[in-house]
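Each remark here refers to the structure printed beneath this line.
Chains: A, B and C, in written order; residue numbering restarts at 1 for each.
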Amino acid sequence: MSDNLNWLTIHAAHELLARKKISSVELTQACLDNIEKVEPKVKALVTETADFALAQAKKADATIAQGKATPLTGIPALMKDVLCTQGIRTTASSKMLEKFVPPYNAAVIEKLIAAGMVLVGKTNLDEFAMGSSTENSAFFTTHNPYAFERVPGGSSGGSAAGVAAGEAIFSLGSDTGGSIRQPAGFCNVVGLKPTYGRVSRYGLIAFASSLDQIGPFTRDALDCALVMNVISGQDKRDATSAPEPVPDYTKNLNGNIKGMKIGIPKEYFVAGMQPEVDTAVKTAIKKLEELGAIVDWNVSLPSTRLALAVYYIIAPSEASANLARYDGSKYGAAFLNTDSMWEGMEKTKQFGFGPEVKRRIMLGTYALSSGYYDAYYLKAQKVRTLIRREFDAAFTKYDALVTPTSPTVPFKIGEKANDPLSMYLSDVCTLPINIAGVPGISIPAGFAKGLPIGLQIIGKPFAEETLFRISHAYQQVTDWHTRRPMI
Amino acid sequence: MTTTTIAYETVIGLEVHAQLSTRSKMFCGCSADYASTAPNTHVCPVCLGMPGVLPVINNRAVELVMMTSLALNCAVSSYSKFDRKNYCYPDLMKGYQISQFDAPIGLKGWLDIEADGEKKRAGITRVHLEEDVAKLIHRVGFDGKAYSLMDVNRSGVPLMEIVGEPDLRSPEEARQYLMKLHTILQYIGVSTANMEEGSFRCDANISIRPVGTTQLLAKVEVKNMNSFRAVFRALEYEAKRQGDALANGERLAQETRGWVEAEGKTVSQRSKEFAHDYRYFPEPDLPPLNISREWVEKVRAELAELPDARRDRFMNEYSLPLYDANLLTATKTMAEYFEACVKTGQPANLSLTVRAKQISNWLLGEFSRLTNANLIEVNQAKITPVMLCELIDLTQKGTITGAAAKQVFETMFSTGKPAGSIVAEAGLSQISSASELENMAAKIIAENPQAVADYRAGKETAAKFLVGQMMRLSKGRANPQIATELIKKKLEEK
Amino acid sequence: MKLSREEVIHIAALARLGITDAEIEKAREQLSNILENFEVLKEIDTSNVPPTAQSISLVNVLRDDVPQASLPAEDILLNAPDREGDLFKLRAVLE
């Protein structure tokens, strides 16, 4: 039995833990054993925290023994390596922070540790979360557990692949333009980007501050709701975190979505979309229809085509400021072999950042620079308003919108590495959601030649509950989410 | 050959940075008291600009800028926001400064000043809120190589920038503007405004133009002026330098120049390798401010009375002369001390006006003389307002003479003892007993035959001399009125 | 929109980003390609559209002016590339 513990869901593991059928140490050890087995092939982890995990697991077992177990007590998890962990190095998969040890915990880490979570490792990503494949990691590329020669998606590829490969029960990632949903789709797991402001960003190494959100990777919708119950809520240290009350996200997961109004925006079924993806997504939508949802197949969000440009102006602009702090004076990599302060600063950035990061810093610097601000940055912010308005209008008619998560199945490692634009295009279905600040979830919806396909469900601001209800109902009548890779 | 002389006028605008007197920093909870603590001990991940941290606005800092805006006759914006000002420098932790670009808290105000005997209204463009940077210390190692050290305690201390219109026309006007601004900030308690410690800093933009024209020649920004005097000297130097350059047919460059105090000159700061492009954009980590009328009124209610208003009130309420009112309101502590004295009340037979003037005389006279001589502030004096009023009462009632009162005051000042006990201990109470004074007068007449003769020969002033002798004999305790009467009576006898 | 070599150098200088000659040429080409894709925005009429800087409409999120504990200097300097005592040590910063 202990062979399979690492494949449990949170809710199944919790039941076994609470009934003392298994211990957290056993559960954690199962994950660590599996990491040893699969990690050489998957390479999801930047840092494994086995000793820390076992110590936490023991503490969790003591809590359980006192009968005080809550749903995440003793549950092993992975954290994307942009979430600061006190005393445990946090690299952002960048040479710049290869040896950086934060003296503080991110808000979500604090909450999860308080809830009894067991941290087993920090996961690989595209450097500073900039990318869609983990190929931009300064350390190594993570492999898709369903096809090792393919990417797991990104930027949170390590967090997605880790859960998909059974290295832990759940994980957290961050999503700026699709960085949770796209890898969730590529790795056949559930991935949620919450409403902007739902989860505190304190301690999340910033990429694009007005777009970044932290969210979970789990094996089903119920697990996702359980993690959100813990990490959501206002935080006094994040002025953009919302005061909206946090409901019990598991409360209405009853399988009933009768009468729910679902819109299908046609602009998301783009040219260049793989036919298998199109078929799988439409099949999934029909399933929702069978469950009683009222589906409008003919919704239009015409500004969708502008989202890519808006995103690739706003995100790099904010990033160019967020990454200016890495100058080699306070922490992180430093080029010390020079007498000149300016040269030291320039060389630190030259050698500390990878090509994609440098590209985006330059792009953002340009978009904000004197003479171009109005044409690029300000224009993008105005079009951002138009995109938001379209979502607002759509949500007066529909409870949710459903689209593919990505136009393609996982692509091959190296396939798009030399063409930044084609890489950017793999996020066309997910970017608009960050621009609007609304929540989006990706759930497993089928396979094409063994490669996973994701379905994206988009909700009103702070209506994560609706996304869970639809996902949960769908998962009651399908079994895509229970499939495992052969590793 | 003829030469035409073109008359130039100087155009100056000042930018003042003042640290705000908050307890915690601008965007984190670290103590804002950066100076009196060991290096890097008032620092947290936020003010160190660590990866992942976020700023949260200090409510009090916003209110102090609102207060300053009101004091400077600015409109307080109903909408305000923060922006990122991007530039790289090692003392700037995040590589950008959180500042305010196009929606500052205070807009369009003014300051009334008086320079060279003329009154003038100088415009204030804006008042905005930002954060201070870390402190760099420059060293030279054993190998002769220069290096720098950094203390991050100051990083994130709230900083207010007050941008003045280019309305000033002389270095003296600039100095008056700066001194007035300085007084106001201290007066309303928003900043310690200590220039030497760097909590009040001034940069100046100065240019010259032919009188009667409006187009400015090259604008020069002058930095590194650490005192009012330095501002005055630097601007005087710079105005002359620019005038001379033009007279010699040189072209003036738009540049930044640093004031070198020791050499008494400004030098070009060429190290700016390229023009700045601050790439301002709205700070995504901070929601904007909506400043309601209620909030403004709450802050206004807290705003201390400003020096000019207080001066006018002192003149109206207490009928004080302009001279007295000006001096009494020059600092907040003196004005408060004065009012505390007035509030202790006065005898029924005395008007408020008379008492106020008595208090003013003491404060601007002996009190100021001794506080200045001892280099202490008004509120550090051992004499409390109640004690000073007791002394005035003793004089008023005739218990002690004016001359004795000065002695008592000095003793009070150095010991902090009340006037009553000093008078009793030193036996300083006034002698009004007729027999005692009669004897004294007889003795004086007897001992000064020459003066008596002079008086009788018609020299009136001799009487004054004899009264003076009597005061000396009584160690100032003789009631001067009775003493004069008795001496005159004795001189008229026979 | 084609970027010039000088523009690339200027952008890198603004960002204080060291860049080699080879990188300049590559960046020029790639950034120009990306910028071309932004042209689509030019056709959109946004004359009466306000900009969105934040997707959450909060205002006046403030904290009280109450000092909190700072970190020990040792934690602050833990990741310092270079230090002297309790101060960060840097290359000479010349005025």
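Assume a contact is a pair of C-beta atoms (placed from the backbone, for glycine too) under 8 Å apart; a residue touches a chain by one contact, two chains touch by 3 or more.
For clarity, every value in this text was computed on a predicted model and none was experimentally measured.
Engineer: Please tell me whether B-C or A-C has the greater number of C-beta pairs in contact.
Structural biologist: More contacting C-beta pairs are found at A-C.
Engineer: Grab the C-alpha centre of each chain and report whichever is closest to the global C-alpha centre.
Structural biologist: If we average C-alpha coordinates per chain, C lands closest to the whole-structure average.
Engineer: Please tell me the distance, in whole Å, between the geometric centres of chain A and chain B computed from their C-alpha atoms.
Structural biologist: 57
Engineer: Which integer distance in Å separates the CA centroid of chain B from that of chain C?
Structural biologist: A distance of 41 Å separates the two centres.
Engineer: Can you work out the whole-Å distance between the CA centroids of chain A and chain C?
Structural biologist: Whole-Å distance between the two chain centres: 23.
Engineer: Residues of chain A that contact two or more other chains, please.
Structural biologist: Expected reply: 100, 103-104, 210, 236, 239-240, 320, 324, 327, 329-331, 339, 341-342, 345, 365, 369.
Engineer: Going through chain C residue by residue, note those that touch at least 2 other chains and give them in order.
Structural biologist: Residues 14-16, 53-54, 56, 58, 61, 63, 71, 76, 88, 90-94.
Engineer: Residues touching two or more other chains, restricted to chain B: which are they?
Structural biologist: 45, 48, 56-57, 88, 90, 145, 148, 150, 152, 273, 277, 279, 281, 284, 286-287
Engineer: Once bound in the complex, which stretches of chain C touch chain A?
Structural biologist: 3, 7-8, 11-12, 14-20, 23, 27, 30-31, 33-35, 37-38, 40-42, 44, 46, 49-56, 58, 61, 63, 71, 75-76, 78-82, 88, 90-94
Engineer: Spell out the residues on chain B that touch chain C in their complex, using ranges where they run on.
Structural biologist: Contact set of chain B toward chain C: 22-24, 28-32, 38-45, 48, 56-62, 88-91, 136-138, 145-152, 258, 269, 271, 273-274, 277, 279, 281-282, 284, 286-290.
Engineer: Can you name the residues of chain A that touch chain B in the complex?
Structural biologist: Checking each residue of chain A against chain B gives 82-84, 90, 92, 97, 100, 102-104, 106, 201-206, 208-210, 236-240, 317-318, 320-321, 323-327, 329-331, 339, 341-342, 345, 365, 368-370, 373, 377.
Engineer: Considering only the defined contacts, which chain C positions touch chain B in the complex?
Structural biologist: 10, 13-16, 53-54, 56-73, 76-77, 84-95
Engineer: In their complex, what parts of chain A are in touch with chain C?
Structural biologist: Going through chain A, the ones touching chain C are 99-101, 103-104, 196-197, 210-211, 236, 239-240, 242-243, 305-306, 308-310, 312-313, 320, 324, 327-334, 336, 338-347, 349-351, 353, 358-359, 361-363, 365-366, 369, 375-376, 378-386, 388, 420-421, 424, 435-437.
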